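The structure appears below as structure tokens.
Letters A, B, C and D name the chains as they come in the text, with residue numbers starting at 1 for each one.
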């Protein structure tokens, strides 16, 4: 059974990636999860510099989902390389570094620095964080911005470049196309949905940042639709995510068109989810006689069955 | 030892009032490793609503007749969806329970005295801490405030441990009427007169305003103080950065630390109370 | 206690409206719910002509939500006027008619016909149905289209005109502004989120129409955020909806900026929800000393408390 | 009478197999009004996941010693989130239960015979129907197919009513091996030879393919046939248009009718089987 997945020049041993911002810098989980057994570890979004992020409350639960407004607290790229990367390398993790900038130059500099570091497998460009104005969302909500940041980074690195798209747009597939045209090796989607919760007793927002990003099972059907749409628009691989909580959900994303998947919120609920997901995918493949996990990708059958589909 | 995740059987559910109950959970591995002040992450309900686990202090460590750890209990206060489900949990049901997690209380030894300050469900970490202190021969006092007499729980438990009790209620139905920090302040002041230079160790858990007051009193009277911070937690493992507390940073700036890793028990004088 | 709500020239006795497509033509519920006790009844989306809609399966449950792809099955405006409106009038329902067209002319004709009918209180322009290409979504996803359809309808009717906005856009508040500029009396938001679910065993979409619209509690935090954004962009009333399942949720929408609310999916779960919602709102107003429900609208307090909000 | 919503107490939960159980629910008002073939909408679990109620046929109408209706039972087959929760429901728990809903089976009177055709959990409406038929003195047969012998339930119940049983299993562990429509067709054919012009009334409930086959056989042999259609239902009350079945429309065109109002029991010859 072949579980491997190709993202540009990178081969992941399996399609399961810990989602950025949901797995710390990976090292927090080193004693709980065999990092080497994951397809990849997308570490918490990094800026060039250290950031303290937003004050608490930073998270609030909503029906089948959660809002977060962490504000990209982080140790900055240099401390990451010095303090975290060695352990990740020692644990044989496939490290995907999620990078965030305020300007195009910052993305380029981050890409340069990380390309020189040992043990980085790919760059995920966070141009979709809904929680901070500077988190690249200005790039992520404009087709030109998306194109520009991807091509600028593309020029300075040999690492696979994977822009992470926001779902908070009218037509996500046009952003996927812009990314592809700019030379991306893959796209990640979705980041969180801009959302809000209000405490009716105090009439104050439940998050210190007023708005935050919605993740978790609640968003899964929207994310699956977006993966499906993008699969039809581009030929580079898609890394799909949004609410995956079990193997069936992961397979749903792959059938919709994702070559690999990330899991975030559900790994909060069950930090030991990884081997369960892998076993579930394996037994599904056995049951359905699928030899290579890549053979599942984009196989959704929208064929006959619906004669009145166009709305008679 | 890294934390473990146990599908813990509910071995009993003892209601204490219309809002409080004590659940005992079969979880020997967690019980064996837990230190007072640590917490567990419990998933209430099946399905995705409620979605996340919820943090609960280890209330008691349960042991069999030969003293071997068999499980833990949690003191649960019903305030929302998950605590509602835990209030209604039935014997025989299983709950995913991850732990032990976080930093425990820093223990003291005689002759240092220990003063525990609890507000409402903030009593939760002090049953285990009281037991541990009493095992060490530490003289301990529990300052314990609640809304009304009927919400003061486990008093005999602490009396049996030899813990002195100072009680307050908001409605005056037991102990002094008012806030628990009032007798705390009085005690600190009179002790400072009687035995200056030998401050007690103060442990506090309860509403943030109460802990802030206790921490500030402790600073004023030069007593060490640890508080158990309460933040909404996504993961309990350092993965989400959801649970931060603002502390004095390296260059005097505010710095956010994850209370699930650096806490929940933290030094009261390091926290930037607002 | 004053529960009344003004929408243009119309006064609703309270802010609770049965959401379009979730309450049939209202008559289905006449023996279960006192229609006269509702602020309004938004009937199922009507085209000029009868339509059969999509084949089953038309609905599928998702975490804390549901997808639907009904395809606007309906009896057409003339049969509605002849067969349903008289009973609604007899039951003293405040009838909001949700209209859908393929062309601008169809909206105009629907508006003309309904303006002449007795017992129609307002027109809700469905320019946001995600399930059919002709359901006005081409208008709802373009600022010009939104402006044009609202101003065309505005010219031919004295009834309050309430375009219903889609959440599947980058910036919903610009659509609210276009609607306001075109002369809308209020805007309704949100319609459902375009979404998808795949049966992994068959690899077929779970809906006959492949994609459908996500509604229910899952979407509430996104909908609340959109109401909050629109409240800052326009001055006409907002009718808010998306996942309201209890009085607290309804109040959350009002505090975010909605003058009235619609309830759809939750009324499937509890068809007797209406008096419970009303009681809940009343007791909240008592507890918080709010004399007029209108005094709640848009009162979310985003004031101090968050010094690092801009993302330090 | 309009349907009522009852917070029905689970008075018992009887497992029949690893996947099937019978829940009895205290709901006198529903029991008093229910006719065979009607259904109830049940909410499993608290919270929003699962979200919607699920439709269940009224299996039995329960009565006290004096014959007064006290509740209903449902035959539940575990296939997903809600049916899983109902499989695990505990006595004393309350479930929101709305009903009775929908069109019942059209009853017959002697000398017309009644043939019930059940596949798997499609047995559900036939306990009540069998009782009603036997009360009317109608000669009734139950054609009942399941995967294996252990999934053929309530056989004695039907025998006690005087209902004749024709059984099939997919694995041949009871009755004939194969599909239930095979003996049904045989019976129709032989009856047409023996007593032409006196076809039985056919009632069918089970997988759609089985019902389609039964309906087509009935048409071929000029027997009236009613089937109980299964569609995912949002509301059960005609509000959502989620549950449609395509039938022959006025001008020969396909027409979508809501199976919660026009069904679930519908004339087999009106349905556009695909």
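Here, contacts are C-beta pairs under 8 Å (C-beta built on N, C-alpha and C of every residue); 3 or more make two chains touch, one makes a residue touch a chain.
In this text the structure is predicted, and so the values were computed from the model without any measurement.
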Of A-D and A-B, pair with higher C-beta contact tally: A-B
Chain of greatest Cα-centre distance to chain D: B
Chain centre separation in whole Å, for chain B relative to chain A (CA means): 36
Centre distance in Å when chain B and chain C are each reduced to the mean of their C-alpha atoms: 46
Whole-Å separation of chain centres (CA-atom averages), chain A against chain C: 33
Touching two or more other chains - residues of chain A: 52-53, 55, 63-65, 216-218, 245
Junction residues of chain B - those touching two or more other chains: 47-50
Topology of the chain contact graph, where touching chains are joined (line, ring, star, complete, other): complete
Chain C-facing residues of chain D, complex: 2-3, 5, 43, 48-53, 96, 98, 231-235, 237-246, 249, 253-256, 261
Residue ranges of chain D in contact with chain A within the complex: 47-49
Chain B-facing residues of chain A, complex: 21-24, 28-29, 31-32, 44, 52-53, 55-61, 63-66, 68, 70, 73, 216-218, 245, 265, 267-272
Complex contact set, residues of chain A against chain C: 51-55, 62-65, 67, 71-72, 131-135, 141, 168-170, 193-198, 200, 202-205, 208-211, 214, 216-222, 224-225, 228, 243, 245, 248, 251-252, 255-256, 284, 299-302, 305-312
Chain C - residues contacting chain B, complex: 63-64, 217
